[in-house]
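Letters are used for the chains, namely A, B, C and D, taken in the order the chains are written, and counting of residues starts over at 1 for each.
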């Protein structure tokens, strides 16, 4: 039985973490913090938890928040998260950071994408990128775990086998996402009136920050410098990402051979399923990533479509999967 | 005042035609036919019309269906439509065909995409492709009008200026569509339970038939042989298409220059709007096509995003726009 | 041709008014005001209007806002609206007030429901309640028109014939509404995440303010003191109200007789349709009110179900219908 | 560890049963039958189960379907279900019937509501109505368990304490439901186009068959003959029921006193939560029933609002709760 704190737990990733960890046989949640809701019942903010937990929000600055705990899930906005990661690291508490602060290895690249000076660049090399399918062994010993981003997860899992094995000329990821990816705070964008029956492309081209971590991972993991286009698009849904990825190859690879390469790459993975058709319902509220591989020979292009739940495999579920690896639990514990 | 019949008017394109034509100052609807609903009030099938029209469905085989009318809108499935088009043509009634039967100029290409022998290939050369922005002059004198397909309209309007003016290496159109594009008949696909909160890619690669007409139009209009990928994807919406189109160029064209080329190409067009952000709500229930132009220099790729209502600009609205041109009405009549 | 100003036109009722009035053959919109958006294009806020209007938001405090106009639509929040109504009245401009400020005849009752002292109680008796089906003749000469509320419209039209003709023991109106009824401003309530796939009852019992105007109208129009329960419930929709109304009778009235009473009451009404089944789609984006009458003899209870679009018949459409009556236009002008 | 079969498991209640039972520590699913899908993988029909179960659909007529199993969940349509219940009963297999065939104690009443002669009326008195909050003790020993209907569950739990303790004059239950209550088979009703952004009342008055079981339960459990109105209404959602219930009292009971009566009645119930506001999201995908109690003294009327998931507490979850009671498991096993 390990003890954990959830720092900044009033948002959607906090809610998902609590949902998952309450079903986990080896974890006790000691603190869920929220500056705004100190003293409030967790189930008052999220009434679905009524009768299931007595957790109350506590103050993140309280002395005991990191005392006697084995791990801290950091659900703070980027730039705020790095301070808490540092604090946890200094106390010997394993930090599982759901923000973007430790995903990119280079402080300069971090600044380029996030327009913010990294305060603890010396810790960047201590952190491990939290994509179990690529970094499982490093994750086992990670002290700072940089949980992968949602669009990044959908795209990385869709391109990794191709980048690893084939010559890739160019990548376009057309990534449809639910509105929960943008957080729970009401804005002009996330009203029902705006989102219902709508499709809204945003940050298209090379504007979305997750490009930074995707390219960084391809470079460090496979030694391949790729350059890609990512087009996030809000669609009329609460949760889920479907990334339709067009991978232009230097040399054509037969679709059956490509399928086999993907199946081999993900053989034994507990949360990757190779599928023949994509239906977002099959992955919502689960930690699965479904992957479909097809292609168009005339265009020298593989079409890979991936589907995940942005709040589970794209955030809190993957965080727990990473935690399971870090602490020697069954990797699926709490996640099925 | 002209008189028209709507053949096969019990489906969604029929419903939209009636909605639009009731507001048109120069058109009288003489017949709306439906084998299944002969004798039924149009407003019994579509209760929103109660109090607005006394139209009843009549038998498409009745003698008088094409007598004394100036134009017939053919809303039948492809392969059935061609017989009615022939009948109208022989009677001197202008045929506005909303099916795919006369969109592709070559009978062989038609057979390739639709797996069906064209019964009246001699009429193919008489037909005009019903995309006013490309073929307005020919439409003025058309006797057979092949109204453009929905995904085709969204993609053609998004690529035409680039194909016309720039060297194009490859095109990928990632085309999100509402479920109304698949018709009103209940299927396992179009239930609420399946479509709500879902994204479902289908016919991806080079499987969708609209590729046939898009490539045909590029060839005949601009003399450019292009080959493309089209990925239609059902999203959780009733009506609308957002096509995110990646146009790989032979030689980079600055985005501002590309924007200008598009603006020039569509200058004066009553239903094309160049925009800086795409929001499907802005075009739903209208005949507009909104077009956004952007690009990524590093990838030599223009990103063009178009938005239409698949039942209006992608079907019945465009059909009326074409009719307006064919009969000398103000092109916007009934459509604003 | 009359000239109108829309005061406080940046919200949803302003948007609907512009949409309707642009199609109206006898109205010119001179001003649309908004403190927040002075100088901004109307079509910048609501992009669906791009290409259809050059209107810009102007300052409501500008001298000329009420100069040379025949009518002013007041779309301000209650308590703010009354000041502008007074200003218009003093200038001889007919005021069409979409707020609640002039709907209740008694200043004391107004205060009871709105917790606010009425500043211009002397004008209350000048105002006419804007429900054409009940007050058409008075509306013809109205200088201050208090446009009926949305839940109020759905319930009043559902109970008026019964209250007029039968002995009524008690009324329960279970009124499902779309989220647009709560305005466009983002809140914790109107996010997509909260509203999608949800049903949220609120202000149930006798808490909703529209009870005040419903009971007031029954008293003044029919001399009947009724007391009712109203249960508004947010459902997962953008626009529309379906009010399921249970009218307990003192003495049973056969359903067929009740249907006839309703049909007679609304005979000749351009926007009331007696129907046999309710489908909200039939009234969305229209000015119609559909009404179904049924009943349960064993319970001495009529069941009347009404459906309207809360933004059209429940707000801006009815406002234009009232304007048409006030200025001698065809009552349906702009509304079909 | 007990063994169970699911008869007629290809529909939504079968899907939910499998979802729940896979998480149940004490149950092994031996068979899931479906005439239509014999031999098909369960996860082919419901892809979310891929990687979680190897179950294949088997033939319901196969000899071994009821051999060696402890319980059978019958998910067949009414009239078909009774044959299988008889078969199970004869074999000594406990039958948990999700159909309506054994809910009403009197064969004559059954025939009145279901227009069908009951084939095994002698078994009616053996069956126990599957609402644990009312019949827990009888359920412990039940051989035939008639799992309560979805609208019935929402209304019964909402009225039971009042019927038990107060004098009730009349009841109106306005019961909003998701489309999954109508099953998975595509129809003109359950298309996305029809259900999205809609509210559709149906079977209002005393037409809905669940009235039969509600009144029957009140009579047999509390000796109270009540007569009620039930208005089911499809709303734009997949799953969930919110029943707004108006209970007219013979003598006013203060709201606080009523709240206490409800809280006492449900004290210790693991799946009933007394709440101060209703939000369907709090119960979706759970076995909870949330209950809010309010009232209007002037109208002598309690307003009780209940919320359940129609597929869980309204069907398969309650079936497993009943099974837990029948077999001595922790009542919450598999359901949290």
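The working rule: contacts are C-beta pairs under 8 Å (C-beta built on N, C-alpha and C of every residue); 3 or more make two chains touch, one makes a residue touch a chain.
None of the values given here were measured: they were computed from a predicted structure.
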Per the touch definition, the chains contacting both subunit C and subunit D are A, B
Greatest Cα-centre separation from subunit C belongs to chain A
Subunit B and subunit C: spacing of chain centres that average the CA atoms, whole Å = 38
Separation of the C-alpha centres, subunit A versus subunit C, in whole Å, is 47
Whole-Å distance, subunit A centre to subunit B centre, using C-alpha means?
-> 40
Residues of subunit B whose C-beta touches two or more other chains | 194, 196-197, 236, 238, 279, 281, 284
Residues on subunit A engaged by subunit B in the complex (per definition of touch) | 170, 172, 174, 176, 178, 194, 197-201, 204-206, 227-229, 231, 233, 235-240, 242, 244, 246, 248, 278-281, 284, 292, 294-296, 298-299, 301, 303, 305, 307
Using the touch definition up top, name the residues of subunit C that touch subunit A in the complex.
-> 179-180, 184, 186-188, 190-197, 236, 238
Any idea which subunit D residues touch subunit A in the complex?
-> 23, 47-48, 50-52, 196-197, 270, 273, 275, 277, 279, 281-286, 288, 290, 336
